[in-house]
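These notes concern the structure reproduced below.
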């Protein structure tokens, strides 16, 4: 997987939603990607201020232009969508039809079950066979072939990287609890009371208990129900999930380590810490997902802790990693700084 | 000043703007004030949720009601206005006419000069002689007599408590710089990009250079021009001002201490620290203003540092302190927890 | 419980460990308590700086004196111990023998089982019958009679207030998970790498999985094993616990509400929010514990969320509440500001 | 300046002090530098844990080894010293004598005046002509030739980049005030009460008024006295300086812009924002210094605001930039991600 690219030509790329937090991170990553020509950074809120993205001045001095899906369809090879759900649902089909490879950061194409999709994303047309679930460590072959890669966000990514190999290996009983702590940038860039500094600084709260659509997504990929409770914590970037599972009788701490080691032996971006517990500070501004765990043999209780940067491995970095797979680049291209 | 009250009857009080940050702090303070009957807590955004102010449940379980100035005029003795500037400008005159004592936290009645008022608060009618500038430590007699007390906010309060006695004593040359660092709650409760958690967490920035109306207010009270630069820093409550002045020839460190000591000998809420430098953490949730200073004799440079809680001494606490003066209570009543 | 005190004389009180975070909070609370004469605030690190506690200047201008257990035994009625575990273990027995009522914030006298005590607090002598477990809402009678009240800290307090009535009422199956998020002040005042600003700001991490002695304390009081995982989150004051339980067959959401309502009908400091979820910001600087919950009927999963201020209801406020019980004051005395 | 390197061979490099904050940042930058072979990362606190720097796992999996100056002298071409002042003073001379190029992040070799050096760094031997003051934008030629580059820290870098061209151009009167706001990582990695999370979170304070050695360094480079007051603000990385100067009569806003534009036309890492004011959030994790300014023509008051990341442009990035100059690399090599 790590072998260097043999490609010579650059891929013409467009970003839609370039001024949001995930969108800005996409521009930052793609501007330095050795195989990318960043042709368009579009935003429905584009203004004439120059530079449009002050944090990126000198690193990328292009102008953010008004959102124009037709131009994306006409003059790119690949399009990254960092749009609100309805906008993504609206523009993706035409881009796929036009032959573009689409890397979508929204949630609208991630659920396969029609009933679940109707519940969480009503009125989104199915793209069926064109779509791959974009968790590269678990789904490389489908991602390479798909027209649209539906990139999972921070919550499913941390949960699935941790749990999917263990369930696949038959190590766990079915009852799983995922307690997630998220920084505020995960709520996006639109001001709201909930994300007002004075409301979330110095506080912690739970939200979305039994009613968070990312729980449905985790359940789809694991094939079993989970209890998923997200919390807002007062930091900007990064999430940490504490996952409570129970080992099947006869399964040991060593079995857990063996299964995870085997699953991620060739995964550049999953760092297994064993009994060391991960810290959000070690993953921010990287595409890594760090995973640690502890077992209490007497009760067969397994506690796993996973963390990642919600704007990188939980959004823009994941999308670039999928792009690398789809276009034959080294999986780390543009992500290894 | 500290003598206990002799009053027996309680004062009937209303708060307009009770769900904003200063308004909630007013409700918190007035609910435990021994001489107050809190009759109304009104808000234009009042809803039917009970309790209306979840942080205050049990401490004050009244309902926040819809904003109704007529009821304030009819059934109170005193009204606290914690409203946006235009709303305060609109309702205050009628309350004064109705004979209510008004304690206004907005900026609209603080500037006396017609030209300055026209610049910063166009279309605000003058209330002229009815108004006192509500800095209690500098203006007790006028506050006792006034119909409307225009309570200064955090920036002028810290600057004037520090500088006014020194200029009045003739200790300083005219050139003064005030570098202010403010927590985010000073920007109010309305969500905005500027006060979005992800925008102000982990950042510091200056704003309003040469164009902040609180600079005009400081200049009015000192009677000379100042350079005033506010900054947003990533904490919720509290401001700290670093003030750069120059001593007149022959003035010493001891003179500074003597003048400040004399000015605040009887001031319950000004704590003079001398060469100890104040910390915001020591004043939050109190009505104190802490002041420290250092002198470099060779250059005659005087650096003063003052801090206070913008929602207490810079807003609700200051208004209650003025209320105490106006109604003959101990100045500390309701503020000394 | 809320009836006013009839006592007339003040209680002579001493605080040991007055410069730590819980100790400072004790001084702050006791200095304004209407029935207390605060005779001693002692610290092994007392210096000659005046005032010793700059945040409390004016509110309490006494001097912090060197730690002298003999003077506490001789000249007080009640002693609050906010000391490190070994120091508390050393001085408490003599104070009890001298006839003082002791309110201990350390962990050393909380475990009753000799084996557990030997594991977590080796070499601590038992005080046996003299001790009451100081959770006032669950143990009022014993606290009134005890010589030493072993006040539980933030983690057990939130967990037990939430779970104890539900287990006592037979509503829950035995398997319980407690995921706790704690501010940094809970780690105390001694600098360490773990509590260094640059290490814990902008990060979250789990610690003490399967090896935290507060887990043992929760298990003792509930009488069954629990999975307890604490986390450090980047705020100063406050903890929030998310508790995952399972209802026994036939138990409904209404049963949960009924049991909790009955348990806390007369509890001044427990606020039940029902399906509203609590926020740390609403409890900091108060003695409240806020509790909310949600039920998924299909899976019988019950998720409870509880939060409190670790320095107040999780430390100093709890101790003062116990003191009020022991000396016949209104339970809210000194705590209702 | 931006022309690409023609060098082919890699430079053998060692880092001393690799586990401190600046040291870790050096390892991070040098590990991906295309012209560097990172041979040694040493620390007096090196342990056997693998990986030694968990945040850098995968990016740099070398072992941090015990501090061994002899090995640095024997087997490197260039050495970066990220050591406490006394350690840097002790080991630098021998490394210079051994022919190594030394990039020192400490303060001990920055002051040229013997009297000043005796005051702030007593007992440090002079290295005289071997030393260049390592502010690359102002001192390129001397840095290319020097044996030891004394790299200025965050405070002097922001102040000098802003003021030096303006004084050199004769635009300013002599009286300058620098009000600096610094994140906590600038205080280093050693735990202390001052940098304890619970002490600096939610607070702001000034320190070192009239007694900060970086003020002396700024005065040396400008050739005139300044008033320099640093403050600690509750964020981890980044400083912002607000600088108060006065224009000489006849000097305009345009003159300021012209002089700064000319000074930094070819400077990759200085971004001039004009009347836009910089934000710390836009420079963290970069080697940029952002500068904005405003002029009040009537009073000739000039307010400049500059910010940078104290661990990059104020420490490790600056040192790497100097290294690039000294070894003929593009100035941006290893710094442009």
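In this document, chain identifiers A, B, C and D correspond to the written order of the chains, with residue numbering beginning at 1 in each.
The rule we apply is simple: contacts are C-beta pairs under 8 Å (C-beta built on N, C-alpha and C of every residue); 3 or more make two chains touch, one makes a residue touch a chain.
Remember, predicted model here, so these are calculated numbers, not experimental data.
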If you average the Cα atoms per chain, which one ends up farthest from subunit C? D
Applying the document's contact definition, name the chain pair with more C-beta pairs in contact, B-D or B-C. B-D
Find the geometric centre of each of subunit B and subunit C from their Cα atoms only, then give the gap between the two centres in Å, rounded to an integer. 36
Calculate how many whole Å lie between the centre of subunit B and the centre of subunit D, each centre taken as the average of the chain's C-alpha atoms. 40
Using the touch rule from the top of the page, what residues of subunit D touch 2 or more other chains? 201-202, 234-236, 279, 281
Taking the touch rule as given, give the residues of subunit C at its contact with subunit D in the complex, in rising order. 21, 184-185, 189, 191-193, 195-198, 200-202, 234-236
How about subunit D: which of its residues touch subunit B in the complex? 177, 179, 181, 199, 201-207, 209-210, 225, 227, 229, 231, 233-238, 240, 242, 244, 277-281, 284, 294, 296, 299, 301, 303, 305, 307
Which residues of subunit C touch subunit B in the complex? 32, 54-55, 57-59, 202, 268, 271, 273, 276, 279, 281-282, 285-286, 288, 336-337
